[in-house]
Amino acid sequence: MAVVEMREALNQALKEEMTRDEKVFILGEEVAEYNGAYKVTKGLLDHFGPKRVIDTPISESGFTGLAVGAAMMGLRPVVEYMSFNFSLVAMDQIISNASKMLYMSGGLYHIPIVFRGPNGAGPRVSSQHSHNMESVYAHFPGIHVLSPSCPADAKGMLKAAIRCNDPVVFLENELNYGLKEEIPDGDYLIPIGKGDIKRAGNDVTIIAWSRMMTLAKQAAAELEKEGISAELLDPRTLKPLDMPLIAESVKKTNRVVIVEEGHFFSGVGAQIADSIYTQMFDYLDAPIARVAQSENPMPYAANLEAATLPSVAKIVQAVRQVTYRS
Amino acid sequence: MAGVKKEQTRSLPREKLVAMYEKMLVIRYFEEASIKAYQQKKIAGFLHSYIGQEAVGVGTLEHKLPQDAVVTSYRCHGLYLALGGSPREGMAELFGKVTGCARGKGGSMHFFSQPHNFLGGHGIVGGQFGAGIGAAFKSNYDEDNAVSFIFFGDGALAQGSFHESLNLAALWDLPAIFICEDNQYGMGTANTRAIANTDVASKAEGYGIKGTTVNGMDLFEVHETMRHVAHETRATRRPALVHMKTYRYFGHSLSDAGLYRSKDEVDAYKQKDPILTVSQELRENGWMGEDENKNLQKKIRAHIQDAVDFADESPEPPLEELTQQVFRDSVGSD
Amino acid sequence: MAVVEMREALNQALKEEMTRDEKVFILGEEVAEYNGAYKVTKGLLDHFGPKRVIDTPISESGFTGLAVGAAMMGLRPVVEYMSFNFSLVAMDQIISNASKMLYMSGGLYHIPIVFRGPNGAGPRVSSQHSHNMESVYAHFPGIHVLSPSCPADAKGMLKAAIRCNDPVVFLENELNYGLKEEIPDGDYLIPIGKGDIKRAGNDVTIIAWSRMMTLAKQAAAELEKEGISAELLDPRTLKPLDMPLIAESVKKTNRVVIVEEGHFFSGVGAQIADSIYTQMFDYLDAPIARVAQSENPMPYAANLEAATLPSVAKIVQAVRQVTYRS
Amino acid sequence: MAGVKKEQTRSLPREKLVAMYEKMLVIRYFEEASIKAYQQKKIAGFLHSYIGQEAVGVGTLEHKLPQDAVVTSYRCHGLYLALGGSPREGMAELFGKVTGCARGKGGSMHFFSQPHNFLGGHGIVGGQFGAGIGAAFKSNYDEDNAVSFIFFGDGALAQGSFHESLNLAALWDLPAIFICEDNQYGMGTANTRAIANTDVASKAEGYGIKGTTVNGMDLFEVHETMRHVAHETRATRRPALVHMKTYRYFGHSLSDAGLYRSKDEVDAYKQKDPILTVSQELRENGWMGEDENKNLQKKIRAHIQDAVDFADESPEPPLEELTQQVFRDSVGSD
């Protein structure tokens, strides 16, 4: 078991899958000569050459569309968005083409593309550079949405995403790239649609993904001191959700807190809550509490940025609420 | 290329000219039949007719090799048929039947044919550019010497995807042929009200590629010019921009009354009708007499009627297909 | 009280507001000489001239951006998308610019724009032309999302939207343009954020908007025969939601069915459900039932299209479920 | 316009040249101070320096009239200052203080100034084109004879918004001046690896407008050329495309090590430094002696230091502002 940073785990996944399959290539801004804006693609150009590791102009719509056509003709593109904020200019190619192609062609053209890059708020990058896109991409049929919270998951999930024959939106997080943890050796996959219990507990289920799981872990440690045993559930795949795993946990704890970095209204958390209420109404001892970004664009000022994002304190507070400790 | 001489067009061997004439007839009759069926409510949604533009698709795709890819807008029936797509499967698609080329799921705007690398049938204006340059990219990746034929309307010139795709293709030497089917209107908007400089070929220079203007109503000119363009793009891997001046006889779609243009304007174009012109050429060359022509037309009409009957008799998709083909792989609890 | 079609009600709103305020203008594809793809802008060119009623090229991103700049300089654009499917290519201008501008400029530049047009499925227009965009636009702060279900509301809501100093996404429906009903005479406004009870009832609250309200009314009539008295609640504004009105109704009926034409996952219905569960947990006698599109792109075939969309039968079935009559 | 003669540049009156020289110094020192503050962690996020490009902004905006609008990318400090924006409010914005030009909410990428019609400060590459042509549209709407100055980087040439906005402006006679600040790189990508034809001016013809190439390192040439361009656009309402060849001395942002270019390349440009050149001109013309220059520089450095102190001492935004300014109007239960 090696200890590596998230960016290195992702890099290994790319390298292994590109080695395994000649049809896999990666394109995006600064992925080649610059070794990636966040160094996730470091060394890939040297290893695979410019045919398969491709720097693009700032044309997200253009190169996303190109990836769709390449996929229709049998290639397996990995599209890196320098940040998912920039996928907004490519939205039509992802929603109208990538996610619809197999269906509207009556099953003729499948689209094996991984759309990946950092999602959510970077440090102090303000209103236009802090969007969480998970609920938007999860809303439409035809795309899987994945978001890892640790290096081990990141590698196994990205490898599974690259081998998937359908479009996958793979959401990373800038502040997580430096997260350093053990990962299994060699080749392993984490199947799409399978969540994971990151910490077992009895009193409350905290559902969180990506960077929010890091906060949830800290919250669980604090709650421990208060005698509250929190179970931490990482769906890992946001769509399709691993409802069996969620059900199992909720039936045990009867209380749920959902934490997402993104916005509240119709967030993925709203869907998780709705699904839990519908399927486990009688198991819930309290209404579900949701922790999410406050209802405003991301401000630049340090104090406002801190106040708008979910925090350990907010998670702890939400747990107290659902366990009636407040 | 505008200087292509009419004499040269005579250099087309009889068999080729007759074959292209047949294809234009197949398209014309298929579209006429689909309009009839639409009025009978057997077809719904949007129906965009290719009638008037037959020479563009037929003359161009004569140069398509098996490994080449083709993509276009929702105005896709003509190209599908020019490629050799089955009228039965095409008509069945319009009727929303499971025997359709997209199993009845795509409809009029989304024809596909994998054997011909026909990548659709795209409903979003400018949405097809990416698929086209992606296929060209794949050709370089696999070194299979293919080219991509990207058809689009004059209205699509105003979309950012036109610019991004042209820049990428020119930058990376992607063998994509950008063919603007300029029928002079985007719905009810004359291209002079939508495009700052309607000399489409002049837009090529900004990307450092060649631009060519073609009379899209003249099958001979289309065929001859596209022979050069296709050959050059295949050889040099440089993309090309082609301005095809053509015209649609019907409204934008069947729901369009076409009040924005005069009957005289439409009639003037019908005088230059590509099918009319070619049949005259065939006669004047003594290549096809009146009777032979009549018989051919009768044969093709029967062929299209067979497609209509096939579509009529075909079943709708079974209900279990509703949630099938959303994904190729089954994952998780999905 | 005149009886007019929805398109005529919207047309009156545009005409009255453009007459009232010189700064209001409308631009979009075919809005002028063609009188609108769906005739909503009929006669406006003749009445106001080409300066204020403007046909655009097919450049949604370009003219949406233009509207943002014009708004920053003091004009009040009404942007018509021939259909909201085409707003996907303009998404970045709506989300990154229109909805962020006031905040990221520290309050300097407000954006009084109405983005309007048909939303959802037209008849048999297949995968790329049938998107319901409400949950996407409602997800991000900085935009109000409105969607009228009848001519009277359409007029009053559009007038309020045009007078609003902030971005409004105004979602119409192609299949509703011909809906003919009475509207009040003259000048009236329906405030943003105010829902409406379309039918009073005691046994169940059916929450529906836009074209779904038409189906809900038919369902209510059928349920009546079964002795079930359904209350029909139209939020009209999807964001911000009129939670006081919803709470009042739920406290009376204790049972809720939410109907939306769009997709299920993180739909607006998921948020409405989550908000009801959170605020009225103890008032609910049954889990909320949601009726939405099935989890696939829109198919063209008549039988599949009918099967994928919400229907009167599906609504009735959902009501039976929450009232335990099935 | 490339044929502008150096002699003509001499025609600039002393006051004007000195004023522009001062503005370039303000920008240079402001940016230097912000880099220092960034290293001291008083500024966070991205910081994009304008150092090296001062002549472009200063020489161009000298021709801005009060009713004109200006918009640019995230590399926005220089233009904000060239317009006369307050260094205090600019620095406070970088420090995330409520006294900032965007109350600390926008940060480095989102400077705004309403008195100058400075419409930002846009973080999305190509995102500013729309705002720029929208302001030009408003000028025609209100007939106030204004023009829009739209600044953008060479990398933005690859975005669809460039094409859509240029087409709309040319089609509708919107008085917008598209100024490409070609500093030859988009982050680590040389423009030759991003743009199919790097002769930016040549892209104008496809839109039927004029293209102009300018040495952006030469304040005199920028000022003189833009005088013509601004005058012509104001008079004719025709948009214009200007290719400014310039260079940024620092990395793309402070997190960029700039390994993709050689020290020699950077040094070569520093030889042509606009501030250096102008100070030499001033000396050679006997318009400003060594001491006077030194004193001026000292005065401006103090001015910038005052801005830093102001930013330092200013308070953060009160927490209640977190959810304020999301909307101008309060509606419903919001």
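A, B, C and D label the chains in the order they appear, each numbered from 1.
Quick note on the criterion: contacts are C-beta pairs under 8 Å (C-beta built on N, C-alpha and C of every residue); 3 or more make two chains touch, one makes a residue touch a chain.
Keep in mind it's a predicted model, so treat the numbers as computed, not measured.
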item: Pair joined by the larger number of C-beta contacts - C-D, B-C; value: C-D
item: Most remote chain, CA-based centroid, reference being chain D; value: B
item: Intercentroid distance (Cα basis), chain B paired with chain A, Å; value: 41
item: Whole-Å gap between the CA centroids of chain A and chain D; value: 37
item: In chain A, residues with contacts to at least two other chains; value: 57, 59, 61-62, 85, 88-89, 92, 96-97, 103-104, 126-128, 141-142, 295-297, 299-300
item: In chain D, residues with contacts to at least two other chains; value: 102, 104-106, 110, 122-124, 127, 158-161, 164, 167, 171, 193-195, 326
item: Contact footprint of chain B on chain A as seen in their complex; value: 25, 51, 56-57, 59, 61-75, 92-93, 96-97, 101-110, 112, 141-142, 144, 164-166, 191-194, 237, 240-244
item: Of chain D, residues touching chain C in the complex; value: 69, 71, 100-106, 110, 112, 114, 117, 119-124, 127, 129-139, 141, 148, 160-161, 164-165, 167-168, 171, 324-329, 331-334
item: Chain A residues touching chain D - in the complex, by the definition given at the top; value: 29-30, 33-34, 37, 55, 57-59, 61-62, 85-86, 88-89, 122-129, 294-297, 299-304, 307-308
item: Chain D-touching residues of chain B, taken from the complex the two chains share; value: 157-164, 166-167, 170-171, 193-197, 202-209
item: Touch list for chain A against partner chain C, complex; value: 61, 85, 88-89, 91-92, 95-97, 99-100, 103-104, 126-128, 131, 135-136, 138-142, 239, 262-263, 265-271, 273-274, 277-278, 281, 286-290, 295-297, 299-300
